Amino acid sequence: MSLPTAFHDIAKRVNNWGRWGESDEIGTLNLITEAKVRAAAGVVHRGRRVPLALPLHQDGIQSGLIPGRVNPLHTMVQINQELFGPGTVATSDDAVTMGLQAATHWDALPHVSHSGRIYNGRPADSITPHTRARFSGIHTVRHVVSRGVLLDVARAKGADRLPGDHAVTPEDLDEAAEFAGVRVEAGDIVLVRTGQIRLALSGDRRGYGHPSPGLSIRTPEWFHARDVAAVANDTLTFEIFPPEVADLWMPVHALHLVEMGMPQGQNWNLEELSTACAEERSHAFLLCATPEPFLGGTGGPVAPVAVL
Amino acid sequence: MSLPTAFHDIAKRVNNWGRWGESDEIGTLNLITEAKVRAAAGVVHRGRRVPLALPLHQDGIQSGLIPGRVNPLHTMVQINQELFGPGTVATSDDAVTMGLQAATHWDALPHVSHSGRIYNGRPADSITPHTRARFSGIHTVRHVVSRGVLLDVARAKGADRLPGDHAVTPEDLDEAAEFAGVRVEAGDIVLVRTGQIRLALSGDRRGYGHPSPGLSIRTPEWFHARDVAAVANDTLTFEIFPPEVADLWMPVHALHLVEMGMPQGQNWNLEELSTACAEERSHAFLLCATPEPFLGGTGGPVAPVAVL
Amino acid sequence: MSLPTAFHDIAKRVNNWGRWGESDEIGTLNLITEAKVRAAAGVVHRGRRVPLALPLHQDGIQSGLIPGRVNPLHTMVQINQELFGPGTVATSDDAVTMGLQAATHWDALPHVSHSGRIYNGRPADSITPHTRARFSGIHTVRHVVSRGVLLDVARAKGADRLPGDHAVTPEDLDEAAEFAGVRVEAGDIVLVRTGQIRLALSGDRRGYGHPSPGLSIRTPEWFHARDVAAVANDTLTFEIFPPEVADLWMPVHALHLVEMGMPQGQNWNLEELSTACAEERSHAFLLCATPEPFLGGTGGPVAPVAVL
Amino acid sequence: MSLPTAFHDIAKRVNNWGRWGESDEIGTLNLITEAKVRAAAGVVHRGRRVPLALPLHQDGIQSGLIPGRVNPLHTMVQINQELFGPGTVATSDDAVTMGLQAATHWDALPHVSHSGRIYNGRPADSITPHTRARFSGIHTVRHVVSRGVLLDVARAKGADRLPGDHAVTPEDLDEAAEFAGVRVEAGDIVLVRTGQIRLALSGDRRGYGHPSPGLSIRTPEWFHARDVAAVANDTLTFEIFPPEVADLWMPVHALHLVEMGMPQGQNWNLEELSTACAEERSHAFLLCATPEPFLGGTGGPVAPVAVL
């Protein structure tokens, strides 16, 4: 079995291999220039900060469906320990075990491979247990600061949450951009709100997982045409799941990560941001979203903050 | 044994309990107002981004000295796994076990207690294995975005690295501020560079630990007088270690975290920032430094980025 | 609220505090004498070995109900790594994160406390995050080798599995002993089979958890009268759950662990043993069941083997 | 580079591939027959039990030399938690993260590969991050109960501990067997004492690691000739380290695990056993040494007990 022609046709149109040189490891993040960052800082008009990460704890969003993607087991290794004798200053310390993709995170480019390749044509077997990702590991990202744009597809449609079988199309993105009164530009980080995470927030972890609205296979070309730097949304699967095309699983992952070299974010909580953008009448903001730099990580937890 | 009078005298002068109400959990982070954030965004003049986090991996900075503060054990749970059958899109996933304070991190306020109390007078025994920190856990921070100021004490003195027995004094901070041509103001996050982390970067983990230069017991009053929001530096111990006053262990921790309610950052890599600030002739920048929101964490990893 | 009189009455009758001295940490395991071990070795008549542990893997029996009791996350840290250069002998290594009570295990005596006390009257607060159990930690057990006796309550009743609301009574134990043709004696380790684990083996983790058949509050006196050394069974909860007496939760745990100082085993897979004992027409065997010696552990995984 | 002729010559002589069928996964453990187990039970003459496992804790024997083989991080997830309300019975629970080969353990057969093969000629790439070892994983062992024989090489030579450059030869094994007055027979598990673990017990973890006495490349033939079922010793490296033959690393591992299909044990504490055997004037005993059944594990922790 191999991927269908329909996939390969789109792949050719959005492919960025070699665009930033053969040795490039960060793909579309190259589109965040210094000028872009200056412009992003200029967007801040009130100073309102909105956090987009889910809290990290044992009772997190993972339901056991994805093997090894475990919710955080967060334990205390010391509590009020008087390390230097009775009556001295005491300290508490904690430790955690968790899947790097368990909660709010960025997928690093090598998180997905197809046909034996990762971004920029490198061999998929460059990922090993010993070295983890030898190319484009999450630590190569270094920093993610740019203009963020919220495309609030749910609110634009007057819905709290899109139905589980709703594939977010280019037309939906256009509609949301018009609703927001914003034009998506090169180097932007686009946040797509479906409202799906409301299921997780209300305790329905299974329902949150799937069926899930998410990006359509037609959207990578939309992002590619606008030179978007990265895309994140408020779902577990990122793209619509089950998929639009029978037996074509995770095509958007493959197009974004492998072909375009564009990082994806999942499980971002965009609920508070949706309200804030509506209140501020602005859907553009400074976005600080640098992942934890795990050496060779195929993903990394992130605590993103939008500054309006 | 109890803490000496010298400690309690300073404690009285810097104490912030009740200043932001009895129910406050975030202390001096209250000083980062919306106006402050707007001003911080206005500091960006080039768009240059400098990451301040150490990479996360098994061969990290912990030497085993602090029990339970383990370096990241980062493993792959899946590599190029074709979840949906042969020839389909493949995914890789990873997991980690690590001490929350093992690498670049913020101490949450309850990381330290003395005399049975944490910040705002709450009982230290509100931290339990089951709930972790019930008050002022790292997740209550929500966002850390403000103006950052680098006080490059080492460079101001023409040194790569301060000697292991150098206590950074208020006079040193004044000297570094003058060298930087910057005035520390309310809501600023101050980064104090000692150069000590060069030892860790060169592979000397034991030497990095101690003896270590660090903040003097006299500096909390300096930060308090200026209404600084948070302080971070490039050492394991934050304050000078072994301590200045015999048998008075970790007084700066106790003054900052317990009395002032001011978060502290440790193991921040300020080397690249030192060069960048010198090149840009500016020691003030926008600082994005929101920690991972572990529910009830007494500390949290952070991937800070300075934007000049 | 405190424990009812009914509980305290039984507690008085089975209490073993001081019986083996004030400094004793192992309780009824003292009943396994050298003579007992010699006799146990003498029971082996065929040399047939039956393992009683569940396999350890991510898809284990824990359903998330008990916070922190996580199924094993077992990952490879190296695969065929040629540590000494290409073409040399290669090694594979693995690591695990798991709850010590997640699968087949022994409860150590301090796993449970009531009224502020653990076994032998020691204070419950002798368990701390830093030291774990200071008394009677699982490592103090050192070795568990004795005669094992299977009381196959389910099979004696002609059932595959007892109903979820079946409290195993002293009369049930007598019936099973008669069915087995065996007399329970001092120093024996008694394995009580309910068949409940068949639910877990068939994939119904929730159903396995509860409602669950298990030991009645009346059985501790039966074990005490016979000077049994330890008891294990094939359930998650060990005792009947929900409990027989409204609002009296886990009384059997408290009687066994705190009052008698008798270790308990849970999640032991007794299915193959049930068949083997029936085939061999013998329900007594040599039992090797030494737990992993976690220093200060309040429980420990064990891979028990019955030798018939 | 490939393995030298000297290695392949021995390999041919000790190879057991196909000996127990093409589908066999447990190699020389097949030599432990029911008759052997009966005989082993018959060896017990006093009922004295000697544990052979090191305690499991953060301050264990690993020094960081072997990447990912981390000492146990053992934390409490609950302490005296009154799950069912104030005044009810309270429970304590713990969790651990550790390398499966970090302390006293058995190597499973696929722990080592050479020339792309593991035991019984299976491909080394049958070990994957997702499945771990598909063949001969530690869970396939099921039970390890047999006669154990202590070959106390150190004591036979009148030494507390062999020098770091001492390769234990067939002649040394003969000498120790004569000293013990015992004949090694088919199905025996041989424990070889070097005394090296005294370094670890005295706190010298680095010194314990290497240089280390251990088995010579000449011993696999000795074990093969006697149809030994398994061998364990009291070192980190098992075989002499650095190796006897320049650039021939870990030949004994490759011969035992890959060629013979014979499990190896490392970091077994044989000090108390050495004394006990001397006192009892018997170096043969019943050995209970079943590893924790990690599904697909390339090794497994074990808490062995010798019964004399």
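By written order: A, B, C and D. Residues from 1 in each chain.
The rule is simple: contacts are C-beta pairs under 8 Å (C-beta built on N, C-alpha and C of every residue); 3 or more make two chains touch, one makes a residue touch a chain.
Just so we're on the same page, UniProt names per chain: A, B, C, D = Cyclase family protein.
The model shown is predicted, which means the values in this text are computed figures rather than measured ones.
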**Distance in touch steps, counted as few as possible, from chain B out to chain D** = 1
**Prompt:** Same or different: do the copies chain A and chain B touch each other through matching residue numbers, with over half of them shared?
**Reply:** same
**Request:** By the contact definition above, name the pair with the higher C-beta contact count: C-D or B-C.
**Result:** C-D
**chain B-chain C separation of Cα centroids, rounded to whole Å** = 46
**Item:** Between chain C and chain D, centroid-to-centroid distance (C-alpha), Å
**Value:** 26
**Prompt:** What positions in chain D touch 2 or more of the other chains?
**Reply:** 67-68, 70, 73, 75-79, 95, 97, 128-130
**Request:** Could you draw the chains as nodes, link the ones that touch, and say if you get a line, ring, star, complete or other?
**Result:** complete
**Request:** Going by the contact rule at the top, pick out the chain A residues touching chain D in the complex.
**Result:** 67, 73, 75-77, 95, 97, 129-130
**Request:** Write out the stretch or stretches of chain B touching chain A in their complex.
**Result:** 1-3, 33-38, 41-42, 44-51, 53-57, 66-70, 72, 74-80, 83-101, 110-114, 124-125, 127-129, 132-133, 139, 142-143, 145, 247, 249-251, 253-254, 286, 288, 290-299, 301-305, 307
